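Read through the structure below, which is laid out as structure tokens, and then see the notes.
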Amino acid sequence: MCGIVGVFFRNKRRDVVPLVLKLLHALQHRGQEAVGIGIYNGSELMVFKGLGLVSEVAQRIPKDVEGYIALAHTRYSTAGSKASLRNVQPIYAFHMNRWIAIAHNGNIPNHEEHRRKLEEEGSIFTTDADTEVFFHYYVKAKGDILERLKQAVSKVDRAYSMVVLDGENLIALRDAYGYRPLFVGESTEMIAIASEDSALRQLGAFKNVWEVEPGEALIVDKHGIRRYELVSRERRFCVFELIYFSRPDSKIFKHQVYLFRKETGMRLARMEDKHIDIVVPVPDSGMASAIGYAQALGKPLEMGLIRNHYTGRSFIQPTTEKRRRTVRDKLFPIREVLEGKSIALVDDSIVRGTTSKEIVRLLREHGAKEIHMRVASPPIVNPCLYGIDMPRKDELIASKLDLEGIRKFLNVDSIRYLPLSELYESVRHRDSFCFECFGS
Amino acid sequence: MCGIVGVFFRNKRRDVVPLVLKLLHALQHRGQEAVGIGIYNGSELMVFKGLGLVSEVAQRIPKDVEGYIALAHTRYSTAGSKASLRNVQPIYAFHMNRWIAIAHNGNIPNHEEHRRKLEEEGSIFTTDADTEVFFHYYVKAKGDILERLKQAVSKVDRAYSMVVLDGENLIALRDAYGYRPLFVGESTEMIAIASEDSALRQLGAFKNVWEVEPGEALIVDKHGIRRYELVSRERRFCVFELIYFSRPDSKIFKHQVYLFRKETGMRLARMEDKHIDIVVPVPDSGMASAIGYAQALGKPLEMGLIRNHYTGRSFIQPTTEKRRRTVRDKLFPIREVLEGKSIALVDDSIVRGTTSKEIVRLLREHGAKEIHMRVASPPIVNPCLYGIDMPRKDELIASKLDLEGIRKFLNVDSIRYLPLSELYESVRHRDSFCFECFGS
Amino acid sequence: MCGIVGVFFRNKRRDVVPLVLKLLHALQHRGQEAVGIGIYNGSELMVFKGLGLVSEVAQRIPKDVEGYIALAHTRYSTAGSKASLRNVQPIYAFHMNRWIAIAHNGNIPNHEEHRRKLEEEGSIFTTDADTEVFFHYYVKAKGDILERLKQAVSKVDRAYSMVVLDGENLIALRDAYGYRPLFVGESTEMIAIASEDSALRQLGAFKNVWEVEPGEALIVDKHGIRRYELVSRERRFCVFELIYFSRPDSKIFKHQVYLFRKETGMRLARMEDKHIDIVVPVPDSGMASAIGYAQALGKPLEMGLIRNHYTGRSFIQPTTEKRRRTVRDKLFPIREVLEGKSIALVDDSIVRGTTSKEIVRLLREHGAKEIHMRVASPPIVNPCLYGIDMPRKDELIASKLDLEGIRKFLNVDSIRYLPLSELYESVRHRDSFCFECFGS
Amino acid sequence: MCGIVGVFFRNKRRDVVPLVLKLLHALQHRGQEAVGIGIYNGSELMVFKGLGLVSEVAQRIPKDVEGYIALAHTRYSTAGSKASLRNVQPIYAFHMNRWIAIAHNGNIPNHEEHRRKLEEEGSIFTTDADTEVFFHYYVKAKGDILERLKQAVSKVDRAYSMVVLDGENLIALRDAYGYRPLFVGESTEMIAIASEDSALRQLGAFKNVWEVEPGEALIVDKHGIRRYELVSRERRFCVFELIYFSRPDSKIFKHQVYLFRKETGMRLARMEDKHIDIVVPVPDSGMASAIGYAQALGKPLEMGLIRNHYTGRSFIQPTTEKRRRTVRDKLFPIREVLEGKSIALVDDSIVRGTTSKEIVRLLREHGAKEIHMRVASPPIVNPCLYGIDMPRKDELIASKLDLEGIRKFLNVDSIRYLPLSELYESVRHRDSFCFECFGS
């Protein structure tokens, strides 16, 4: 999972760096592991990469770096892979007398086969990233930009939202299924591309913010934007963007995210059959659902768990044992709020179950009488092939245990997930969404 | 303002570093500008200082640094002073064949007079910090530790909670008024000192966590803890610790902080006379009060403003003009929640008013119909002399404007502060608290 | 220009890092601008690159990095190109399930044509380095290692001495002309490859140090060394390695370098027709020639110029104006030695003439009566196509001015270069050497 | 041992940083372990300290730092003490409303007694440096600058050459014995102070460079220089400055250093009674003496040992065992020069003997037939109390062994030191010099 960004200054103003950093920072929630930024000044592409947050990597860009086109990428921690600079995007090359670079959000499911085939043809890969497969197809294609985009898209059909630099052109490209969101902001001064509309709106600089359509390519140059429909397919919007990944103030796949999450909480409340004293969100992921749930149920919302937001990189802990400790470094229970209460504990989703289990343990240690786990999405039974970073199938608790098994594992008094049918209702256009992680 | 920490391993185990870092991290909310850590290994005191967060400065401590006593300090940004390493605590020296070091929370009001006097006597100061005045009095005093503490305390009577290293002893010291909190945790393995009880409890390692009494000194050595009442005075607990500074899950001056804040919100709600559609907290500072206010009023709490928690150091902006931009980088409004609504905007306090003014502007731009500012503490009319970092009196909006002036400045439809009388009720023991910043 | 190194531990001992650093450090004179090191541990190739000296870049290699094969590169400042990490070698890729990496000393004259052709075939280049052309030919070739080496060598015939990693094999390769030196050291424990024999001998670890033959490939694996003659041509040893580039204690192309330089100085002395009081070397490049010259002439050698060896990177100055200042930061004249003297100023060669001109100015300011410039090689009239970093032809003083013009430009009383015929005599086998920079 | 520097811009030009860095760099040979620089801008003293070379530490000074007065210090590695920032000079404080700072070259023999006394009076020390004793006496003294200098000088009579900042004044101070050199350069624009005249002359910016007299204080302010004779004593110039420490192009204690060293070599040659084929200097310390020796003897000088000047910090090795390895990383013998020869090996001095022993071993391994050690100073039998960093007495080879013992230890065929009587002759004014390390 990741966030991507592109900026094009129409009048060749050269101060693109502060703007691209602001946009990246606005997408920081989409990836905290690594950042890569490419700045094009009309002749050179300067690329800066680093592990860590945007604010940390930004410090490595020398003060005198200027350019009028930029593309950038912020990467989520990928399960099982060591943090390394080698795979940080953009991927780039100086080829046939111009720079080509790609920043990619999504995942290409069968990239290893593509790679093997390309290597046999003599292609040399410099990273392990799936993105480089698309990069090779695009670079090796013949013809003008549009023609080359078509050839690459015909080879790799999913899942990607991309920002591409090709010479003096900036390109936005989204696969025909539309798995990942992609937005454009336009003003008289510039054109910007970002994974979420909220990042663009936050700048207050665009008179116009709209979505790149699935299967569409936008080619930006000094004359403006040209739009091309490359290919058309049924939609496969990633419902997990609404449930967890996107910023609450974004509007993704036509849904306002905070209100979507609040609605899932309300739907959960309507089927409540237990006595609940207080509603406690798992901060921050369960906040919106908990507000909806508490409102619909007419029970008080209480911040029975306080979240420490100062979790720096050096405290990030990879193993399961350490993940348990991390819960206690990040979430602080308040005994005076919890003691003797029957609690609805609301979260957006459960993946491995290890974090939830530890939270339950914490609440019990601090006096909770009953704990009713309420999850604002269905059980996750499959890992995602299209770009959401999830553990292997055998690490997903809902693929291993039935509901009662999960209840016992978490040690809660009751557990309820949002039924898939209710999620269908929440998204309105069921056929346009991908529910593969929920087994549908 | 700042947070302080001390750790003493009874059995001279040498791995004190991870523990002191955890405690510091747990107090990160009390200061994000700079960190200083002293590690004593029985012969050397190694001191590491850096600007930034605990997680950043921790990376500078070499892996092989060991010790069994530690003291540390995390500093808040002080108004008007440039971030500099020179004043980062602990202050320390090798004197008469042993190490002495001090980490201090609080402020000595007339420290410049003390300094002048000491300089005339030949003392040489290496920092600008008020703390160094106390340090000099303590080091120059004669007799044993207790005797020297008494002499220093007789010279400087406020405001301090301190951790002191003197040779093989770790000392906790709190002034007679008790302005700043200070807690001790005790187990068979170690004794730890910290500014808030929550930091100690979070570790789950102490069978016993209690408060250092005002006027009390605790001297810790390998034989255990000795407690001495050095001096006794009327209490002057800082009410701002409850209103804003301490962690919501702490219990400070006998008050559970989250519940204290919730109660002030409830008191505000009881005198509400406007029509309110939704209650919107200023996150995170107004959260607890907003929950109390919404519950008491029976109106829905909505996260109409989303907070970005990834604000790194390089984005910190010192000037007023920049502070306005910072609001828009940190708080994201949701039009779909705000549009057409009469909003109660709840915050814990107002200092300069510039941040609140910018938040109001944001809400109006995103469709708010009416904005009713609700502040869960009285107007601040005086800067603090005892350790809360506040701007000069002429920068405090409530010392310059009357209520109607503030309302107009903020451009809200109505404004209400918590009356001082209600704050008195909230703290229960009015005479034990300092309300100087509120003009009382 | 650069130095290259390779190490192979026969018994898979994993502590290759200190050894490869020592070898690199021993070749530091061959390049001070950048360093790249690749460490292979049997499954991963870890690559570390940095600008600066070996001692600086070495600090970036984490303590726990281990491996049993290594290859490395130290790069000279290339005229006109900005110092950048992108072109630092080794060039490497993970291809068809094994790592391939190349460190290259030399220059491929027509690499841009090769590159254009390869790009048209779909190859993607990640650097600007000429080396990558060879890398692509090698990687795209079919068959076993020997077969692929033959194919690449048939495409690119000069100028290179190389160390190649291919899976579990370490390869030493030298072009058929032998422009650049390359040596192998062998012991029961390891096999090492380096640009100069002195670096290998300095370690005191090899019972056997010999030269890789021109046109030869050595393939090293756990079974030992296999030697293959790939191709045979007339020799073209770079005479500038003897004149300037190699370490004085090396034995390159069968010549002991210090003695070679001393001999050129002696030849210069034999044709001396001016009155000389003292012989002053330009330290350190003119030292050996000056000793030979002074001995043959029977005149006293005096260190009239002292060299400051502490010239750090931050003092390196790129432009001509600054190069003049640099002379005064690096060379310190002694008035008491120079005053009133007729001086033979001896250097190994003159390239632009700007440094020599500034040295002459310094000597005159400090009282030199007469200055007779004596150059231990012929006038340089062509830039080098095969790997010696030299400015463009129009910056070479001897390609622009005749002898009298140079004398006037330098402001010396007389000037004498070593005649080409004397250089032919010095190298003994005239036909085996390249004299293109001297116009022959 | 160390080098010190001060700069005062008369017209308050604010770009003092590049100049002070150049002067420091010119004194780099006087200390490579640590650097400290203080920049005064009229209100603030900014101090930058770091371990390493000037070029490394310079990179830490932010580009926007400005000032018109500066003082700085470069420190030699002190025997037995760990490299640490705490003792890096200048020592400084903000005291009685102005900045005071001191950079000190020399050593105060009984500083620990002074320290104990001062601590008992309540002084607090922040470093272990002997300099801080003088600093305390100066700061605690009463009256104007001159008066305070007199009081401090009356307490501590040796050994120091100092640069002091006191408010808007820059001071040069040298003890009455004159152990350490100190020079002033003056131009219409500025006044600069440095440990050696060569550093000042190298800049080419001063019309006037002269020596600060022993017992003299120079006080520089915007009106110019005032000179005061504070105290007068017999001279005790450190002869080791001439033998080893100072730059060959300096003129110290009225002696041109290169010519002084050459003369000692000539004196050694005059008493030669062995057959010598070639004269080999230990580079660079024995170079000047070897030239004198070879000239006087009429035998050829040969660079039989080549020195690698790229010895970075990470290769510095503290223990004896490692010192032996270091010789082989730094000095490269040439077999073709040495083989079968009777060699005079010339160095300036022998301290421990371990380095010389290793050099002899190297020469023998490379074919030397006979080795005659020739040392251009007498045997060192006492460590220095006045600022030359030397090992303890029991580590000095000449305090443990007689001449034959040393010869055997070094494994040379003969050994000759310069007799003390010849050294007396070389310095001309025997009574003005300190020969304590030579037992006189």
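Each chain carries a letter (A, B, C and D) given by its place in the written order, and its residues are counted from 1.
Note that in this section contacts are C-beta pairs under 8 Å (C-beta built on N, C-alpha and C of every residue); 3 or more make two chains touch, one makes a residue touch a chain.
In this text the structure is predicted, and so the values were computed from the model without any measurement.
Participant: Through how few touching steps can subunit A be joined to subunit D?
Facilitator: When the steps are counted carefully, the minimum from subunit A to subunit D is 2.
Participant: Can you check which chain pair, B-D or A-B, has more C-beta pairs in contact?
Facilitator: Most contacts of the two pairs: A-B.
Participant: Among the chains, which has its CA centre at the largest distance from subunit C's?
Facilitator: Ranked by distance of C-alpha centres from subunit C, the top chain is B.
Participant: Report, in whole Å, the distance between the mean C-alpha point of subunit B and the mean C-alpha point of subunit D.
Facilitator: Distance between chain centres: 50 Å.
Participant: In whole angstrom, how far does the Cα centroid of subunit A sit from the Cα centroid of subunit B?
Facilitator: 35
Participant: Listing for subunit C: what residues touch at least two other chains?
Facilitator: Not one residue of subunit C touches more than one other chain, so the list is empty.
Participant: Under the stated touch criterion, can you name all the chain pairs that qualify?
Facilitator: Applying the touch criterion to every chain pair yields A-B, A-C, B-D, C-D.
Participant: Going by the contact rule set out above, which residues of subunit B touch subunit A in the complex?
Facilitator: Within the complex, subunit B contacts subunit A at residues 22, 25-26, 28-29, 32, 53-56, 58-59, 198, 202, 204, 247-249, 251, 256, 258-259, 284, 287-288, 291, 295, 300-303, 306, 308-315, 328-329, 332-334, 336-337.
Participant: Which of the residues in subunit D come into contact with subunit B in the complex?
Facilitator: For subunit D paired with subunit B, touching residues are 93-96, 119-126, 128, 135-136, 139-140.
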